[in-house]
Amino acid sequence: MNVLVLMKMVPDIVEELEIGADGRSLDLDAVRPIVSERDDHALEQALLLKERAGATVTVVALEAPEVDEVLFTALAKGADRAVKLTGVEPAPPTAAAAAVLAAVLPKVPNLMPVDLVLAGCQAIDDLDGVLAPSLAERLGVPYLGIVTGITVEAAGAGGTASVLKEFAGGTRGRYTVCLPAVLGVQAAEKPPRYVPVAKVRAAMKARTLEEIPAGDGGAAQLVEVAAMTKPEAAGKAEMLEGDPGAVAAKLVEILAARGLA
Amino acid sequence: MSLTMPVPATGPTLTLDNLLDSPGGRELQSCIQCGICAGTCPYGEAMDYPPRRIIGMLRAGLAEEVLASDSLLFCVTCYSCMAKCPRGLRLTEVLLPLVKEQVFGRLPEVPAELQKALQNTHRYGNPLGESPRKRSAWTAGSPVPVRVLATDSRPVDVLWFTECYTAYHPRGQDTCRATAKLFDAIGVDFAILGHEEKCAGECARLAGETGLFESLTDANLKVLGKYEFARLVTSGAHAYDAFTHEYRALGFDQPVEHTTAFFARRLDRLKPLLRRKLGVTVTYHDSCALGRHNGMYDEPRALLQAIPGVKLVEMVHNRVNATCCGGGGGGMWLDTFFKARGQERLADRRVKEAVATGADVLAVSCPYEVSRFEDSLKVLGYEKRMVVRDVTELLAEALGAPEAA
Amino acid sequence: MTGNVWVLAEHWRGRLSDLTLEALALGRELASGFGSPLEAVLLGGPALATGLGAADKVLSVDHPSLAEPNPEAYCRALAALIKARQPAVVLVPLSNVSADVIGLLPARLGAALLNFCRDARVVDGKLEARCLLYGGKLETTVTVAAAPALVGLLPGSRPAAATGGSPAVEAVTADLPAEGRVRFEEYLDPAPGDVDVTQQAVLVSVGRGIQTQDNIALAEDLAAALGGVVSASRPVIDQGWLPLTRQVGKSGATVKPKLYFAAGISGAPEHVEGMKGAELIIAVNTDPGAPIFGVAHYGIVADALEVLPALTDAVKARKG
């Protein structure tokens, strides 16, 4: 079975995000990139499928700052191949990224056809699109998102997967999806595994990333960003000050006034 | 005097395979299988492989069975077994780190909290997952100016390595501000690394993540090499251990002191300034890294006894017999794992002993202990009977004008 | 930009969602701005058309493969309808039911998407939207001139429009295969016997700021003192510290308790969606910039681990 995992870098929101001088984009110098959290789950799910049923797992990412460590980490965790698509514009819009992937993936030696493409179902910078379903459309394959469980029933032509999709209140829907397909992962069946730093460093020395030149995505920008601002935090909340004891005393009065305490 | 490039450790790297044949390992061959190590281990009940059994299994060629068990996660590297071994075998220094490294590498799943702490340390230089850019944010509330070497790189006498919990945790920041006040009071020329400082990595190392430790020493030694300083003083007990032993072996040759020893050696200057009477009974918890491993029992006690109105009482287990708070060797992030295996939190056990002394204050000298013991006091319902204070906090409180009689 | 304003009517297990009614309220304003009608698109669940009176007309598409949420069938039906009727704007509620559609449609149609939208209006004949990015930390103002503009709508943009009203209904046939490439099989409901957070008057909810599983006990104490139960945001559930049934947010429950006490929750949109309807929201977080303070009535910048026990004590003391 052949599984492809898409991984992308997004701004790390542990750091303060600064708005650039133009007032409508991120100050990229202040940004520290991190792999999109849901993509980490997609990788974990792929590795679980490999452990359970055997699979070749290939991780693909567009060139971006600090993406190399992410790819080597994936190899150290057990991915078989890591492919970096080079020569792309930095932080491309989703449509452009999907276009690049759809055009270049068939050109990666010995990669296609794949049975499954896994990626996170959402990322924090998905303003203009979501990568996994956009790619599914371009590849002409089915898509299901918010996935929390995957069992491949049969690989190859005419194959199917039994897929769990999450709904509200802990309910999940079980779907049958015809393969090949793209699945948008919300959470892997287990939390993403840890890989010791020494193993990642060893991978950096012993393994290589396959670099494939890609071109411009060439998708038109349909949306114009007029401004970027920090939303008014605490604009609505009345802030209570003081040490925990003082705050607790105020809160009890507020609660009591509404018959809650 | 500036730092030279780190010198790689000479000789073949110790592994479990060559351990018993190495000079350090040959001494392990003299183990008489008495079992005192197992008896003194705070998690002895849960420890399937205390040092006695590990050595026995190694001798029998059964290392794999030891390494496949996750029981060594219970080792909080408290140095009790090493301190009590009648053969003086360097168990926590030589044997356990090697075994724990192999165990960690073989774990099918790393317990979630520990995983997060290690990932945070790797990415952000601290286990709490806070931005490295905020590592000196505590200085904004400091009562005295604190120089950050990144902005003012002139040579300095004391390079103060604050460590992570002290820099980021609210209670740790109290210790930082108290320490800065003390440095200032006795006229010490000091500076911090601020955002350039990363975790010294001792607990990552002793949890078995030696690769992470290496990347941290690489980074810290590089940064330290940029500046001129006469000595390194640290608030971290584990950091003190790391700098004194591991960093030293990597070529770091400046003198290293923990803040308690630093201030104890300058009591002649400090004592006259301790004018405010505190009027409390204090019991001191010896941290494993400072106490059992490095023999620093008297320095913190000298400091506490120099404070007017402090009455010092000892817990049943003190000095070399002190019982661990459970934070070392990864234990700081394994309480949920320990609890799931039906084990008590060591900090809870220790706090009961502290409360039994009748003291008002539990004094500590390791940043983990403040948060661990305060947590235990809350959980056990003793938070009205006893408070936890770092020794530096008590000293700083005693600075200033004497109160009216 | 010309054309009608559409709202994709989201429904699940026989009920129209509140988010659909909010979308209709916003949709009405946009429709007025364009001077065009407001229409609701109902895929499956034809009986629910009677609840969509806030729209001028309901386009009801029915087919067996639309009986349960199915992104493949939804997208195919909706794309065909959009191509045929050329609306100006399509508001799609962001929820587990419809989210996949928002991912598929822009690519299928080559159309613009404005995702994570919290507000929108018509300016100079163009659609202008305010969208939240990066976990709610930054807001972008975006405009689009080309129709159709697809909007992924967050909860809270407008108060819900009135339901009911007997709107005009046009039945539309869908060109869908008998069996698609994605087939719904069954629901797996969580084991009964745990608490239903949606039925609670008081929720003490914990997020990452609770730090460890052990600390959840502090929230349990407060919940017990106030006669409520503990709920949580996704990260706590992902760790396995509380069962799925306690999750509040997009993938969890939507709750409207009298009191929602958020302890150490940052307030990312996916969570806020599940609790913004609470009557009284009190939030504790060490980060003064936490988005939760934008939805809370009262906020405290402090460590939840300190405030929780202090409040429990104060509540117990008051009871005497």
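We just call them A, B and C in the order they show up, numbering each chain from 1.
Please note the rule applied: a contact is a pair of C-beta atoms (placed from the backbone, for glycine too) under 8 Å apart; a residue touches a chain by one contact, two chains touch by 3 or more.
Quantities reported herein were computed from a predicted structural model and do not represent experimental measurements.
Averaging Cα atoms per chain gives one point for each, and the point farthest from that of chain C is the centre of B.
Two chain pairs, A-B and A-C, are compared here, and A-C has more C-beta pairs in contact (counted per touch definition above). Of all chains displayed, A has the C-alpha centre closest to the centre of the whole protein C-alpha set. Separating the CA-averaged centres of chain B and chain C is a span of 46 Å. With centres taken as mean Cα positions, chain B sits 37 Å from chain A.
Centre-to-centre separation of chain A and chain C, using mean CA positions: 21 Å. The set of chain A residues that touch two or more partner chains comprises 191.
Touching two or more other chains at once are residues 239, 309 of chain C.
Residue positions 112 of chain B each touch two or more of the other chains. Taken together, the chain C residues at the contact with chain B in this complex read 212-214, 217-218, 239-240, 303, 309. Chain contact summary for the complex, chain B toward chain A: residues 104-105, 109-110, 112, 115, 118-119, 122-124, 129-131, 133, 209-212, 214-215.
Note for the complex: chain A touches chain B at residues 14-16, 34, 190-191, 193-194, 196-201.
The residues of chain A lying in touch with chain C in their complex are 10-11, 13, 17, 19, 24, 26, 95, 98, 121-122, 124-130, 132-134, 136-138, 141-146, 162, 164-178, 181, 184, 186-187, 191, 222-240, 244-245, 247-249, 251-252, 254-256, 258, 260-261. Touching chain C in their complex are the following residues of chain B: 112-113, 170, 335-336, 339, 375, 378-379.
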